[in-house]
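Order of writing sets the labels: A, B and C. Residues in every chain begin at 1.
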Amino acid sequence: MHAPIVFVTDFGADDTYAAALAAACWRVDPGLTALAGMHGVPPGDVLAGAYHVKAIAQALPPGAVICAVVDPGVGSERRAIAVEAGGLRCVAPDNGLASYLWAESDPRQRRCVALRTPPEASATFHGRDVFAPAAARLATGHSLDDLGDPIDAPPRLCEDAFATTAKDQTELAGAVCAVDHFGNAITTVRAADLHGRAVAAVEWPGGATTTSVRTYQEIAHGLAVLTGSAGHLEIAARGRAAAAIGGPQPHDPVRLRLQP
Amino acid sequence: MHAPIVFVTDFGADDTYAAALAAACWRVDPGLTALAGMHGVPPGDVLAGAYHVKAIAQALPPGAVICAVVDPGVGSERRAIAVEAGGLRCVAPDNGLASYLWAESDPRQRRCVALRTPPEASATFHGRDVFAPAAARLATGHSLDDLGDPIDAPPRLCEDAFATTAKDQTELAGAVCAVDHFGNAITTVRAADLHGRAVAAVEWPGGATTTSVRTYQEIAHGLAVLTGSAGHLEIAARGRAAAAIGGPQPHDPVRLRLQP
Amino acid sequence: MHAPIVFVTDFGADDTYAAALAAACWRVDPGLTALAGMHGVPPGDVLAGAYHVKAIAQALPPGAVICAVVDPGVGSERRAIAVEAGGLRCVAPDNGLASYLWAESDPRQRRCVALRTPPEASATFHGRDVFAPAAARLATGHSLDDLGDPIDAPPRLCEDAFATTAKDQTELAGAVCAVDHFGNAITTVRAADLHGRAVAAVEWPGGATTTSVRTYQEIAHGLAVLTGSAGHLEIAARGRAAAAIGGPQPHDPVRLRLQP
């Protein structure tokens, strides 16, 4: 049985690009039918893509393959890689898409190879011609070593992906890494970054909240902070987008004050 | 061979949420590959969700599983259920999503169990942690009884899902339950509710039509009423959204006068 | 093993219509699991649909099936067809959706049959009741001849699908056939139409460019022309939609001057 493949791209679902990834897998093996995808990463937004790679990784069974393509540098000299980390495999351009997957996995059980680009690949569509075929080969039983040579340096990481601690560990500084379909503003601050301490306040340009909740249903009015399903803190309103009532915008910085 | 699973949600397709449902099924069994989904129910709109559950049910083969997640009350005390009706199975929060599926099926061949929620389920994402795994178990051969205990009361039904008859059966009162991609305003009035009588007029706040047609192509100009592919009456324009030329909005009430 | 099926429609992904195509295939055979789709053809835009049929055809393995449904004439007298061309099969209304697939394939290895419409088919949804079942039968091993009778005339072609040559072969006249998710304006002019000559300039109503590039990354500023992944010339900007800085709109005419 083949390993499942999930695509994470900024292609949108309204073009042929997303469907072409499935088609390219079927060129390798038409039996590859455990395929799913999210194609709504904002165009060129590598940080949002990295978050979504992490979020889908948490739902996947061991051995699954993520094919991540947010690739404004297609056709240029940027490297293409395949990563093994956290029990999963991920192919992607080497631009930070694997940031969370790499940084949050056991250093003794992760590795990275550089993919070979076939000379006949289109200059504008490596998703179809490089990444999907590589994902298909992994899903059908090939190992990372069949796809390319190990690289010494780790993959590139997004600078902004990880919240920083300041003021004697009572403050955390991060950013909004993704805004979901419901308008919840997901931040780079993870529940684990709190080390068990409670949130006193979250601030962003032009707004703040001191309300913490466990579920969306508990939000009586205004904005609140809660831990989303991938373990990141998010700013949410009830029944509408956080930004509609003063919540943060994509990529806005956020600052958390923790209770002592 | 596994039963097909179709997801009906308000997750949108641009987040990882929809793809995570497939991933969660693959955690149960990576051989579950007959998966499809529609994720465009307006956020929190249970009536629209109920209509789409019905519409997809009409296309599915017997034994298929619908995993419906429009769940503003996630993490609260609302019940999670699995329903068997009309030869299909459906897992959903108990908030009315199964209204049509339940009410339109043979009372002797339908039943309902309450799903158990695993203690480790995320407070904000029961789609991934409760509903998709339950759907996957049904699709791989488990019965409703393996998922939970039978409940005596029927599932909750949407109050607005069923048109009412008035004035000596010459009038029907309903509402717009969904507006499709082409802008056709689908109502809660079903062709079967007419009992063979023809429509004399349809009225809604600010507009009306007396034109009935069989196909979109027959609409010469203005608005017309026709029976859509799921058996519900809809208000349509030709080549554009009904609302663009005065047709009803989502959730608008509609009133039908029948020919004597 | 079954042949893959890809849907190309204008249904959008937010309705049940797209998912119903998969469901209808599973009525024929629930083992049909190599399914993908793009449902973002602008409503009723047959020329854009024809381009997307071509684009996905280039990614598919031999024997695959395309189920194309952009069908404003559903329920009227327009013919339904199945085409074999370029090693693929395609079912579609006979309105020009197969234009590129037919015209660009070897005349000795292409043919066309008229599909039979089952009497119980809905008047408004032949995708579910005619085209998807026909695609499913092809994918499970049936031949074109099992679906209908050969027709003598070729399928209808889109008039605007093919660029024309003028002025001693130094000018090409075409049009924008599709605008992709990134805002690149894809034209009906194919790289092959240049017969090896370089582009001197591209003009459209209100704008022009003399810059040719090979990758999006090479665009320093303004608009440029490059060959997209399906072999058509496109007008692109870097990091935003071409139309946002004066590029052509959908269906705008374009004129290419070639270098001598």
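In this text, contacts are C-beta pairs under 8 Å (C-beta built on N, C-alpha and C of every residue); 3 or more make two chains touch, one makes a residue touch a chain.
The structure displayed is predicted, hence computed values, not measured ones.
Taken pairwise by the contact criterion, the protein chains are fully connected, each one touching every other. Chains compared, subunit A against subunit C: the Cα-based superposition rotates one onto the other by 120 degrees, nearest 5.
Because subunit A and subunit B share one sequence, their contact can be compared position by position; here under half of the interface residue numbers appear on both sides. Averaged C-alpha coordinates put the centre of subunit A at 31 Å from the centre of subunit B. Residues of subunit C in contact with at least two other chains: 13, 33.
Residue ranges on subunit C touching subunit A, taken from their complex, read 1-4, 6, 8, 13, 33-34, 36-40, 52, 55-56, 58-61, 64, 180-182, 214-218, 226-230, 239.
The residues of subunit B lying in touch with subunit A in their complex are 10-20, 22-24, 26-27, 30-33, 35, 43-44, 72-76, 122-125, 128.
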